Each structure stands twice: as structure tokens, then as C-alpha cells.
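Okay, got some structures for you below.
The same chain A turns up in both complexes below, where it pairs with chain B and then with chain C.
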Partner chain A sequence: MREMIDIIVDSKTYKAQNGSLLIDLLIREKIKVPYFCYHESLGADGNCRMCMVEIEGQKRPQIACDTLIKPNMQVRSNSENICKVRTDILELELINHPVDCPTCDQAGECSLQDFYMDYGLHNTKITIQEKVKHAKHVDLGSNVMLDQERCVLCARCTRFTDKITHTHELGIIGRGDEAKVSTMPGRKLDNPYAMNVVDLCPVGALTSKDFRFHQRVWFLQTSNSVCHGCAKGCNIYIDHNKMKYQDDVIYRFRPRRNDAVNGFFICDEGRLSYKDLQENRQESILLYEEETQENKALQELKNLIENYKEKITLIVDANLFTDEIEALVAFAKSISATLYSPLEIYKDENFKDDMLKSANRAANYKTIENLNINTTLPTKNALVINFNHPLDFEADVQINFTTHKRGKNRLTFPIAAFSENAGHLTNEDSIMQECQKAVFKNNPAPTIVEWLQKVRS
Partner chain B sequence: MRECKIVSKKFEIENAHTLAVAKKHGAYASLEKLKEYSPLEIINIIQESKLRGKGGGGASAAEKWALMPQTGDKPSFLVVNCDESEPGTFKDRQIISKDPHLLLEGILLTCYAIKAKHAYIYIRGEYFQFQKILQAAIDEAYAEGLLTECDITIHRGAGAYICGEKSALLESMEGKRGHPRLKPKQKEPEWFFNNPALVNNVETIASVPFIVQNGAEVYKAFGTKQSPGTLLFAMSGHVERPGVYEAEFGTSMMEYINHFGGGIKNGKKLKAVIPGGVSCGVLTAKECENLTLDYEALRHIGSSLGTGGMIIMDEDTDMIEALKNILEFYHEESCGQCTPCREGTGWSDKLVAKILDKRGTKEDIDKLLEIADTMDGKTICVFAPSVSIVIVSFISKFRDEFEAALCVK
Partner chain C sequence: MSQKTRESSITSDRIKVIPRYGSSLKDKLYLPAIYEGVKVTFKHLFTNLNDSNAIDTLEYPEEQPTDITSRYRGLHRLTHRADDSIACVACFMCATACPSNCIFIEATQREDGHDEKMPKSFFIDTLECIFCGYCVEACPCDAIRMDTGIFSLTGNKREDFVLNKEQLLANKGAFGEEVSCARN
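This part shows the complex of A and B:
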């Protein structure tokens, strides 16, 4: 650990590590500094020249992303001169930019727009009409679309494929104002983390084919959650919106920074797993495949529990929240049922990699282990009450509490998916994490805990 | 004018590019001195001689050499910069085509001093015919057993001007895009695949044999106190005898032009000179009157000596067209890494095109100066600042011509 020293930024004193990057301090302390190319996961590249600051004793403005903090450093981040420099560089950035914000998917979360509001020249001085033309709809592969004209050449995307995934699909070709991002000859962008370049892109050059043109970002509500794709527990934002007269819909997952778990990124499979939460959902209560009333179904359930006393098997899925699993442990005890959680089907060695993907596809298997829940099921069961485990089991009677539509069974109760409920998960590294309730459906399915209350009453 | 042929000694000897002829005229004689001197002593001699880098910057050569580690487990490399792409500069190609063994001799001495076992010559791709001569010389040197202590490999560039910038050159040699690197925080060698590397211009290395053989004092007897020695100055443009002629630093510019160049072509009057390749600010005829050719004098009047490749322009030269020509080059050659350069070179080129097309306004001239200001000192390398100097010098010194070309509104 390097020593902590005092430095002065805009006449205020801050503590910072000697020799650390100045821009990191500015970002951490929320001191306004514009930048395109710097990213904490990718390091400094120094190409956008936007993060200029004045440093006492230095004749020229310096870029904060390539300035190391030294003792007695005095920094000015908002002097008149610095604001002019930023304005001037921004003006150059815009000379060949198409300024097609109305049709750009990034509008609303675009660094170029934001910096323009801060430092823009609101009366243009550009007196030449012709702009450099590039391709506007390049399908790079992996759901990533490229608009070369909007690109600010910050090289975050190329550095991502060079430094993070080491797959080297992207590069910059051409020189000067003809420079553009492109895939290498004969290649496509195809790696399991490709869509992170969409988040990394500060402007509308790289957009998600999956998300683009579906929703304006300023309509989206954002909730913190955790991906359920595997036991890694990558932190995500759930971006959703409930449009007037319509239901609350998830439009995308985005990675949420957590240095202890996933850093800045998530895998594409996890990112697109939001779709599964909205497709093929079980919405009604079924008795012998016929829709039925809640009280009738509950009565049937209670009868079955009574009839099969001491012979009840409760199956709990390892993707449920810890809160739900604990409630089921208590419930099993109260009805003298035996609790199982078969984990075998969640093993997937093909999915595993050395970045974020875990071979264990159950988000909360650690809790199953921590609670010592039996994971091997007897081959023959009398009454099985299955709480969202994807398998069907050998049994006289099976009752399902399920998020998704599934095969024929005696009784089927719809339950809320994780995005429609709040709770906790423990990832494979034993880190407990919280998911907020993100989605508020018009006709929400009860959660497992709510169903259990109904059964008990 | 005192004749001084240090690097160009064998230029006029027929077939001096072959080993036999070169040896007959003293090539590789300085290698004998290596028996006398340790590597550090060689560096000291170069330090003593105050040899300055001849690729344009004019920094002390020995200072760079001294940064190279004399011990350590990483191999050291010498990289000779022969990516001579600056318009107006064509001196290094004289060395590699007329006296390649002088360069090889210099490489051997330098490699001995910095303890490098492998030297690369990064040559611009367009120098195909010169590269063939150089390669033949290397082959001869190998056959003669001269390259037992160190290997020499030619690496051909793919045609980017920016690869003459030493860090971009190394990136290019590593197989990456020729983008200049961020400057290091302290003085350190360059890095080639994470190994320490010394990058020097062809002429700098070619000056080493003379210094090692004759001693620093003999070298310092040429030139001025601060700019000792000689340079392969060159002339192109409106002179009677354009070409490369070696002269000592401190020579009067006009004397040089008249003596070697035979004066301005067709007896016309001189209008302007770009002193050392197009990256140096343009000088008016008046500024050239009493000017001497050394780093200090040129810096004093706000330009720079650069590579010493002078572009001579006579009274009929259209300065707007001249600026357009230069900016077109920069527009084409900006590597596109830093925003001010990437967009500034293109924009200024288009604005000057507009003025040249008689569509310009006074605002366009002001805007050009503003762009020049934004390009100055705000980028990774000195490409954009050079463009800035060029624009500012042309407009400030020939503003009346630019204003006369504006469209009347």
C-alpha cells in the first residue's frame, strides 16, 4: 500500500495514494472531468484529450488520466482556461460527428451529449459542410451494431478485446479522420463477453442489437439485482419500464460494478437471460391442467398434504432466494416433509471459463450447501411439492410452484420470478448479495413466501 | 566556406557502397578502437563530442545512450530510424545508398557501447531500392565476418509517416498500429517488447565512427559551441542545384544556398524557406538574411532546424497553395489517435482548401489559428504541435496573401 498524501484540487484538500492516477481521484470524489477513452478497467490510453486539468508548475494543461499524484500537487479542474481547452477539443470531436441524436439509441446516456451540455459551443463555428462519411450499420456479430460515424475513436472497445477477453477481434483501421473501428479482416466479434463493448462505448457507435430502438433510455427505471445465470452472482442493473396501460417490462440487464465479484462486466448469456423472465411464464393456477380458483386449489393442496402426511417430498430449487429457501425449510418441518434440492443438473463444465462463468449454474447452491439440504432424491416418492425445480420427479402426485409453464401435473401455482421479488443470494465465493424488487406486474404472481402464508392460514 | 565531409566522405567515390571499395577508403577502421575502449568509455567520447541527434529533435545522443542499462538480464536493442518521411528531407537515403558500410560501422560501435546484440534498421517501405543496397551491404558484412558480435536486421515500414516517431516506430516493429506511446514519467530507455532499446537516426549513428576514430575534439572543431559537428543539410525547391551537401553547424543559410545550391533558380528572388522539413515554421526571405544554420539560431527566431532539409521558395510561390500542400500531407498522415490531431489536421486542410478556392472568409483565417492553438501541446506526440507551428507561421507571416484570397462579401 502506497502512502496517503494530501493534494489540492480546486482549493480543496483530498487524501490520495501517492503515485496513483489523478483521474481516479477526480472520479471517486465526483469532481467533474470529461473523458471518453479512460476506463477504470482498461487503464489510460490518453487519446481523447478531454480530461485536461491544470497543474501548478506545469506550463501546459495535462491529461488527468496520465498524471500521477505527487505530494503537494495543486490541481485546477475548472479554471476558465481548462474549460476553454475542453470546449475546443470537444468542438474538434464534433466536426465529423453526424449529430444524429434523435435517431441514436445512446441519446440520454451519451458522454458526448453530456459533455456538450457542460462545455459545448452552442453556436457552431463550423463553416465547412462536408463531413467524413463512414458506414452506419455494421453488424459486428454478437448482437453488437457499429455506427462508425458516431465513433469518437476512444478505443475502449478494441482495448476490451485486447486486454480483457484477449480475443483481438476489433481494431482501428485507417488514419487521421478516416480512422474507424472495424473487425479484423475475415473476423466477427464473437466472444462470450462481446456485448460489454456496448456499455463501454461512451457514445452511440456501438449499440446492442437486442436493445436498440426498443426503448428510450430516459423512460427506463433501474433496479439493482444479481444475475441468476450461474453461481458467480454477477451484479446487474435491471432496466425496465411500465408504459401507460401496459405491463412492467424488462428491456435489458447491464453489469453493475462490484470489484469483489464481477468487476465491470457480465457475460452475454447472463445479459440476455432477462428474456427468459418474460417468456413462457405460468400466470394462472391450474388443477389437472384446468384454470381454477385460488381457494379451490389451496383446498386441494391442503387435502393432499393431509392425505400424504409423513410421505411428502419438498423440492427446492437452488436458484431461489435464501429467504425463500429458509421459509421452505421451516415449512417442511411444519408439515413433516423431507426437503431435497437436486443440484446435479446444474453442473455444466462447458459453460465454465476463467473469467466470470461458473460451472455451477445454480445461483444460490451455496445456501443449499450451507443449510445441509439433501441433494440426492429417492427414486420413488409419494407426494412431491416442487418449488420451481426444472425437473419432474417420480411420484404418485406432483404439485408445482413454478415461474414458467411446464408439463402436466395435479396442481400448478404460479410464482414470482426473482425480478419481481426481493431477496438474497450467496454466490459460490460465499458472498451474500441482495436483489431489489425490480418489476411490478399488473397482475403479480405471489411469491413463495406469500403462498406459504396462504397454505398455513 | 570550409569543406567538412564527415558523413559524406565516400559519397562521391564510385561503388563505395560495396565492401571492397568502402574498406579501401577506411571503412570499419574505427572498430580497432574497440580494443582500447570499454563500452562506457565510448559513451563518454560521444558525450564529450556533444553529438546531437540528427533526426530532427537535436537532443544529446549520449544522454540517450546513457539511459541504456549496462547490466541486467534483458537484452538491449539498437533501433536505427531510417523512416525518413519528412517532406523536404532526403539525407539518410544518401547514407544508405552511397555509404551503407558507414552506417553498419556506426551500428557496431553503438551496439558495443550499449551492449546490444541485435540492431534493427527500420526503413520506410518506399525506400525499396535503397533497402536493397543496404541489405547487400549487410550480406557482405556477414560474409566478411564483421557481424559476429551483433546481428543487423532490416525492418520495412508500411508507409506511415508517424512511424518515424520513435515510440510509434517501436509499436510498428512490435507488429501493432504505429501509434505514439504516452511519454514515460521519468527518463528511461525506449522499450521494444519490454526490452530496453535505443532509437537513433541513421545520420547520428553514421557520425559515430568519425568521432570514435578521431576523438571528440576533432569533431567539436566543426560547428558551433552548442551545435558541434556537421549535418547533411539539403535543399529542394527553387534552387539551381538541389541536393544534399554536408556543412558544419553555424554556416550562414544564404551562403549555403548560394554556394551549394547555386542560388535561386532562374535568378528569381527568394520569398521563403522552410528550414528543416515541413514541420518547421516557415521563414521569410528577410528572416533568412543573417541566419546561421544551427539549433540555437533557428529556435531563436521561432522556428527549428529540424532535419536540415530546406525547402526554398521563390517570389512566385503561392503561399496558400504551399500551405495546402503541407496540410494535405498532414491530413493524410495523422495517425488518428488523439482527437485534436485527428480532427484538426482534416479541418484545417479543408479550411485552407476553401480559402484557396476563393470561398474563404475572415472567420476561416481566425478559425485556422484557433485550431492551431488547440492542436498545440495537447496531444501525445509532436505531430499536431508541428502542424500548429506551420499554420501559425504561414498565416502570421503571409497574412496579406491569405486575406487577398478571401471571397469579398
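This part shows the complex of A and C:
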């Protein structure tokens, strides 16, 4: 650990590590500094020149992203001179920018727009009418669309493929105003983390083909959640919106920074898992494959529990929230049922990699283990009550509490998916994390805890 | 608190104190004011009896208004480009600006080489619309206008008042300028 020293920024004193990057301090202390190319996960590149600050004793403005903090440093981040420098650099960026914000998906979360409102608002000094033309809407592969005209050449995407995924698909070719981002000849962007470049891109050059044109970002509401794709438990934002007269719909998952778990990124499979969450959902209560009233189905369930006393097997999905699993353990005790959660089905060695993907594709299997729930396959089943476990079991009677539509059973109850419910998860590294309730459906399915209360009453 | 202490207690110079009227004897009697009002009414009555052609009313619907100007906010229309394709790029600015949230757009990829994006569907619920004209102000492409001069929309059921993209494109401007000024 390097020593902590005092540094003065805009005549206020801050504590910082000797030799750390100045821009990290500015970001941490929420001092306004514009930047395109710097990213905490990718380090300094120093090509966009937006993060200029004045340092006492230096003749010219310096870039904060490549300046190391030294003792007795005095920094000015918002003097008149610096604001003018930033305006001028922004004007350079905008010379060939197509300014097609109306059709650009990034509008609303675009750094170029934000910085223009903060530092630009200038009358351009450029009198050239024709802007340099490049390719628009190039399909790079892996659901990523490239617009070379909107690019500010910050090289975040190329550095991502170089430093993070080590796949080196992207590069900047050409010089001057002919410079553009492109894939290497004959190659496509193809790696399991490719869509992170869409989040990394500060402007609308890289957009997601999956999210493109579906919704303007300022309509979206954001909730904190945790991906249920595997046991890693990557932190995500759920972006959803309830349009007038319509139902609440999830439009995308975005990675949420958590240095202890996933850092800045998530895998593409997890990012696109929001689709499965919304498709083919079980919405009604079924008795012998026919829709039925809630109290009739609950009466049937109570009768079955009464008839099969001591011969009931409860199956628990290892993706449920800890709160739900604990409620089910208590419920199993009260009806003297045996509790199983077969974990073998979740194992997928092909999915595993050395970044974020785990071979254990159950978000909360750690809780199943912590609560000492039997993880083997149940034998000799009379009455099976399955709480969203992906397997079907041989039994005299099977009752399903399920989020998604599945095979024929005596009784089927719809339950809320994780996005429609709040709770906790414990990931494979034993870190407990919270999921907020994101989606508020017009006709919400009850959660497992709500169903258990109904069964008991 | 009396009027006087309230005024003296206000220290901020941003607050404007409005003097109250109506405390004089003439105001409290009401009769002089009623007399003033009735005088105006009867003046109009006798003028109109003398010359019924000068009455400021229309024999609507036989007689149509002639004083609708280009600034009049009539029924909406979607403008065209020079090649007759739709000018709208589905940027959702109108839907964002709309105070009554009566514009429903679904965007899609555009394939005819103009822009990347166009509306797949575009609905305006004119029953919810308050005809404020914010959508026209917000549009960066001059794609939506209210210059049709149409001030009356009739229908037999509620659904008739929800205008779709084709109906909005079919509405013609009443004051020339058929093509979008910003996208052509």
C-alpha cells in the first residue's frame, strides 16, 4: 500500500494514494470531469484529451487520466481556461459526427450529448459542409451494430477485446479522418462477452442489435438485481418500462459494477436471459389442464396434502431466493414432507470459463447446501410438489408451482419470476446479494411465500 | 394576522404583494357594477336588432369559418419526403413531449436507404389529445404538423378517433408546404 498524501483540487484538500491516477480521484470524489477513452476496467489510453485539468507549475493543461498524483499537487478542474479547452476538443470531436441523435439508440445516455450540454453549446467554427462519410449500421456479429460515423475513436472497444477477452477482433484502421473501428479482415466479433462493448462505447457507435429501436432509454426504469444464469451471481440492472395501457416489460439487462463479484461486465448469455424470463410464462391455475378458480385449486391441494400425509416430497429449485427456500423448509416441516433439491441437473461444464461463467447453473445452490437440503434424486414418490425445479419426476400425483409453462400435471400454480419478486441470493463465493423487485405486472402471479400463506390459511 | 402585519413581515423582494380591491362603498353596493354590465348587453341587443347582418356568429355547418390561419392548431398530419415516403424517424420526441401521453409509436428498422429508423406504427388518440402543439414543437424532422386546418373530427365509436399512421399520412396540409423541411 502506497502512502496517502494530500492533494488540492479546486482549492479543496483530498486524501489520495501517492502515484495513483488523478482521474480516479476525480471520479471517486464526483468532481466533474469529462472523458471518453478512460475506463476504470481498461485503464488510461490518453487519446480523447477530454479530461484536461490545469496543474500548478505545468505550462500546459494535462490529461487527468494519465497524470499520477504527486505530493503538493494543486489541480484546477473547472477554470475558465480549462472549460474553453474542453469546448475546443469537443468541437473537434463533432466535426465529422453525423448528429443523428433522433435515430441513435444511445441518445439519452450518450457522453457526447452530456458533454455538449456541459461544455459545448458553441457556435461551430467549421465551415466545411460535407462531413466525412463512413459505413453506418455494420453488423459486427454477436448482436453488436457498428456506426463508424458516430465513433469518437476512444478505442475502449478495441482495448476490451485486447485486454479483457484477449480475442483481438477489433482494431482501428486508417489515419486522420479516415480512421475507423473495424473487425480484422474476414473475422466477426465473436466472444461470449462481446456485448459489453455496447456498454463501454460512450457514444452511439456500438449499439445492441437486440435492444436497438425497441425503446428510448429515457423511458426505462432501472432496478438493481442479480443475474440468475449461473452461480456467479453477476450484478445487473434490469431496465424495464410499463407503457401506457400495456404490461411491464423488461427491455434489457445491463451489468452493474461490483468489484467483489463481476467487476464491470456480464456474459452475453446472462445479458440475453431476460427473454426466457418473459416468454412462455405460466399465467393461470390449471387443474387437469383446465383453468380453474384459485380457491378450488387450493382446496384440491389441501385435500391431496391431507390424503398423502407422510408420503409427500417437496422439490426445490436452486434458483429460488433464500427467503423462499427457508419458507419452504418450514413448510415441509409443518406437513412432515421430505425436501429434495437435485443439483446434478444444473451442472454444465461446457458453460464454464475462467472469467465470469460458472459450471454451476443454479443461482442459489449455495443456500441449498447451507440448509443441508438433500441434493440427490428422490425415490419412491407418492405426491410430488415441485417448486419450479426443471426436472419432472415419476410420481402418483405431481403438483407444480412454476414460472414457465411445462408438461401435464394434476395441478399447476403460476409463481412470480425473480424479476417480479424481491429476495436474497448467495453466490458460489458465499456472497449474499439482494435483488430488488423490478417488474410490476398488471396481473402478477403470487410469489411462493404468498402461495404458502394461502395454503396454510 | 392583519393585512398590515402580513405585508410588513414579508422581507424577500421576490414576493410581489397584490393590493386588494373591493373595499370601497361603491364596490360593496354591487349595483353600479351590475348596471355597467347590463348596459353593455343592451347596447349589443339594440345594435343587432337594427342590423342583423353584423352579428358575429356563423350559420355552422352550412357556413364554414374563413378565419383559420396557418398558425391554427388543427388535426395532426405526418409529412412526407420528396419521394413521398414518410419523414418521421421514430425518435419519440413527440411522445416524450406530449403532456397527455396520447402518441403511441413502435419503431422499426428502415430499409429504403433514407434513415435507419422509421415508425412501424404511429397512433394518436385524439380523444386524449389536448391539441397543445408540443409534438410539433418537439419534432426535429418537421415530420408532424397540425396545419391541416381540420377543426372537427367525427366518428361513431371511440376507436374512430385513434388515428393510425396511414390516416395521419393521408391528411393534407391546408397551407401548402407538403414536404418536410428537415427531411427530404
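Here is the rule we go by: the second predicted complex is superposed on the first by the 455 of 457 C-alpha atoms of A that agree within 3 Å, B and C clash if a C-alpha of one lies under 4 Å from a C-alpha of the other, contacts with A are read in each partner's own complex, and residues count from 1 in each chain.
Note that in this section a residue touches a chain if its C-beta (ideal position, glycine included) is under 8 Å from a C-beta of that chain, and two chains touch if they have at least 3 such contacts.
Note that the coordinates shown come from a computational prediction; the quantities given were computed from them, not determined experimentally.
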If you stack the two complexes on chain A, which partner ends up touching A:Val85: first (chain B), second (chain C), both, or neither?
-> first
Taking the superposition as given, does A:Ile95 touch the first partner, chain B, the second, chain C, both, or neither?
-> first
With both structures placed on chain A, which of the two partners, chain B or chain C, ends up touching more residues of chain A?
-> B
In the superposed arrangement, does A:Cys48 touch chain B (first), chain C (second), both or neither?
-> first
Which partner does A:Arg175 contact after superposing on A: first (chain B), second (chain C), both, neither?
-> first
Enumerate the residues of chain A that count as touching chain B in its complex and touching chain C in the other.
-> none
Within their complex, chain B touches chain A through residues 160, 162, 177, 182, 185, 331-347, 350-351, 354, 361, 363-364, 367, 370-371, 373-374, 377-380
The chain A residues in contact with chain C across the complex are 100-103, 107, 136-137, 212-214, 216, 218-219, 243-244
Of chain C, residues touching chain A in the complex | 89-93, 96, 101, 104, 107-109, 115-117, 140-141
Given the complex, residues on chain A that touch chain B span 44, 46-50, 52, 60-61, 66, 68, 85, 88-89, 91-93, 95-96, 125, 127-128, 130, 132, 152-153, 171-172, 174-179
